[in-house]
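Each of the next two complexes has subunit A plus one more chain, namely subunit B in the first and subunit C in the second.
Let's look at the complex of A and B:
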């Protein structure tokens, strides 16, 4: 009974560490941009999904209620979605279900974050873990990435240089993205010599703490055909969750290994089936992925089926994942170059949709994109979202 | 915004105290740790998974886990890191943590690895490699918290 739905409007503010605007103001800026691209007014939006992750970065309980009026939510159905870092992916999923269900014809998915508004985001992120058994040990999202990195080193022989190459490519790609927070020509040496945060993760293996907003407009097939010459059809969408306990995913009895992202592979399998994708490497031209650390991208591209487990390190030494490679991974610079946590995964959906819409910034646009994929990760690397958008629907 | 106006910020904070419920399973685990210097773990009656940190149910089989076993006081490193950088309200650097599979357990549990020279990160990382053996060292004065023990290399 599922109806077709498409993204016809995308809005992203510039991502910075500046503190010029409040959270509702940033959300509104993104919403207005998305509406402008869609050629719609706020009156035509039937429901709003607000993408808001932990409120502690902003210190307001809860920022979604603060933003209702700013994003045109007055007298409309409005809900907040929150799955940690995966929030934007889950919010896009909720927005899609709103339309695919046949209940709404036009939905705005919007949000913003300001990760630098608090003194130290890692102090907040430490509270991902329970207060009894795990929080005491200084666990953060950075130590989480370090655990994944040491397991990849153990399992696949991954080197710090191989991880560094991921940052070099993403920073170079971000130079084509006016919205990106971090960008520039950096070298493997620059990454290797940047200070260690949590061995083997260094400063340049790590995403920034960004402020900024993102929004998409999702509409029914009838509206999409009326309003847009080349909509980004939502062809596949899925999410898989796993345990908060990292230690369950290593050693003899583990059903999955923290080195890999089998949860994302499971989600991708379903999303690809929905999208009719059989050979992801041949059929997908762009993957804008949620890799807040260099090592995480290596696991993601394998889970997305672009190569086998343990192969991404070597392939990343060639042009395989470059703009002119076999599949362009994060032409936007991805999450290594912008991480406004509440909407980071929504940015990935925005940047994938822009590629299909043909409306990416000129140098960021990959030619002839038929299918693009966006991913998200949240919690203790435990929520994995995926959305496939394409130039035609099934 | 006019040229002479600057975007303003306002200082504030957010501090709340809690009395976290540890639950019957956690209370049993911490009591054994405090009173007997033992690490005990619940076992799934269906798949026999011995789970640390302890929990009152098997997440995979979705059944209650109320059988308990004592696990070994040695184990194997499954993942580790060394943090040389200061983060607000987190332990003073440098510190090393590891996820360790204690003998007889089927999942790995986090704790500090102490008494390792962390002055040279690369050298310390070699010592803490995955597969290295560690022992559980109990604190003399135990308070019924996860900090009642730590790991040390054997």
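Let's look at the complex of A and C:
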């Protein structure tokens, strides 16, 4: 029989452009917050998973080894997980497997990033690409997102206004989240008139480069019941890797299309099955999603089964994805409002778990959350993670 | 451990110096497909992939982007650790024990020939306190060796004999990078790189990839296999700050070994284990590991060397493959140890086979002066 595990502590530092803390210090701040919520001390943690994506932003290549003492890892089992942008989602899953293996009762998943520490994050992100074929084109994550936007425009007639609405909602939601990096009342006009980065992606279609840390405490069923009145049970999780080549994701021979995220839909199917979710729109109240660009959110909500392909643009013009809508998408403001790359996907898990724990900041809290889902994306939008947390377990 | 983890097969590329004609993708694919073939399984049979790689040594900021596919990950549940390759075995094992996975492919690689190794190592240090000293992997190994030498007064011959032993072993291993044995005099006469360590006391820089197929106990039985079992594993990490560490000892290795031994029900490692493949990044790494692994008491590693206990004809042969001193594809080195231990157990280690191996140990280390350690006990 599979062993149950739950998140009982969540910690996020404020996300900013600040440079006055080191990576271990930011991780420690997040870890202490998570432990405080869990009612535990560092000594009670049996193993640590360190969430750290490309270290080139930071310029210290083994920050996990550096942070061992700061996060209470000394003499403990300790490993670093790194799947690009999806890192935080992968690290959360690795932490879950630590507990679900039956070997550990309490595990800390923690990390931090300082994306602004480097001269130009997009310069670093050019070096994620294959040195033989792709790097020379000047590919970055922004141009990669532009390709997806163009593909959706071609396939579904998506407009720049429709993309802009995603930013408007996320920025408004972020006003309820004290940790969010970007927030405020912006209009479609503001987004549309912001400067182009790579057509049709504009400045306000894009996430910030954030500094900050995030952490979760995952415990066994026995410990969860003892320490927490309403744990966020990890009901389902999965991750999936697609091809790195965007060109292989279009045309007749392609298994799936770059406009859609069928691979995320595949992962969601597995996670939903594990969680016993049949109708996601009815059974899931909150989705905190890793959408670093406006257009990516449109593809994610479809892959999560909240609507059909090509429908999200129209639905987003109503209140469907709002706090009081059919499903609240990124009440935290999501990745458009904070992107500390190494832990961005962990923030999504944190913000989904907070909703189930009932411990989200007052205005960010959605009422009666039974199930919440968190996603992550990494690489050339090729690595997807999904985790379903809920107020009950199987 | 209630459930055991099965190893159904392994795949290794040749380990070599600069493999200029082989693209990293081809190297990775070679190892992964060899492991699947060895296990008589296909990529489709796998429900999970765990890889271990280092971005900076691979020269790309998310090394798994391109290498996930040759690792067999296309549309599979794939996750990557950025630690020694052996940590991928740990994570894959945890995933299998959680009952979410039944068959996992574990892949790791490194082409040191294409990396500015010393710069990468220096950049691993924090910029405030350490980097300014110009510390790298060889300089820190020298500090560790110096601490051990100061504490236990080991003669120059002892550490040189570790090299002679492993290079002699490597000469019998067709897959090893360095296959030419060296003499005691050659080791002692080689120039000092980082006192007290001389050039021949360091592992070379190698290219290579390795993959292992893991299965749940239930799946292995269902497939009707008689696999090799991972009966115990443990891992732990020490402080980053060298000043906080006792460099002549390895507490993280003791903790990791104790956990693995407890899980595998091993009480007297020297007697119960038939062969060990350990991470001898330098001659002193091997000496300190003997003590951390409980093969002898503190400061007694020299006795094991003097008595030839860890030679192929001794009670506990260590690194019959030649170890890292013969082949060192850095990130993948620990996973090669697991694969070599497997070969010893199935009797396929060819020229470097130790007869009658029933229990084998593999040890991996990560970080400066073996900051982190992982230990595996494998048995028939």
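Please note the rule applied: the second predicted complex is superposed on the first by the 393 of 394 C-alpha atoms of A that agree within 3 Å, B and C clash if a C-alpha of one lies under 4 Å from a C-alpha of the other, contacts with A are read in each partner's own complex, and residues count from 1 in each chain.
Definition applied: contacts are C-beta pairs under 8 Å (C-beta built on N, C-alpha and C of every residue); 3 or more make two chains touch, one makes a residue touch a chain.
Here the structure is a predicted model, which is why all the values come from computation and not from measurement.
Shared-chain residue A:131: touches subunit B and subunit C both.
When both complexes are overlaid on chain A, the residue A:35 reaches neither subunit B nor subunit C. Look at A:382: by the touch rule set out above, it reaches subunit C but stays clear of subunit B. In the superposition on chain A, contact is made by A:84 with subunit C only, not with subunit B. Residue contacts after overlaying the shared chain place A:101 against subunit C, while subunit B stays out of touching range. Of the two partner chains placed by the overlay, only subunit C lies in contact with A:52; subunit B stays clear of it.
Of the two partner chains placed around the shared chain by superposition, subunit C is the only one that A:93 touches, whereas subunit B remains out of contact. In the superposition on chain A, A:232 makes contact with neither subunit B nor subunit C.
The larger set of touched subunit A residues comes from C, when the choice is between subunit B and subunit C. Once the two complexes are overlaid on the shared chain, A:76 sits against subunit C while remaining clear of subunit B.
Residues 56, 59, 130-132, 243, 255 of subunit A touch subunit B in one complex and subunit C in the other. By the touch criterion given at the top, residues 1-2, 23, 49, 55-56, 59-62, 64-66, 68-69, 73-83, 87, 90-91, 93-95, 97-100, 120, 123-128, 234-241, 244, 251-252, 255, 366-368, 371-372 of subunit C touch subunit A in their complex. Contact residues on subunit B toward subunit A in their complex (touch as defined above): 7, 9, 12-14, 18, 20, 22, 26, 30, 49, 51-54, 59-60, 76, 78-85, 87-91, 95, 97, 99, 101, 106-112, 121, 124-125, 129-131, 145-147.
Touching subunit B in their complex are the following residues of subunit A: 18-21, 56, 59, 119-120, 122-123, 126, 130-134, 136-140, 142-143, 146-148, 150-151, 154, 195-201, 243, 245-248, 250-255, 258.
Listed in rising order, the residues of subunit A touching subunit C in the complex are 1-3, 22, 52-56, 59-62, 64-69, 73-84, 90, 93-94, 96-98, 100-103, 124-125, 127-132, 238-244, 255, 263, 266-267, 270, 378-380, 382-383.
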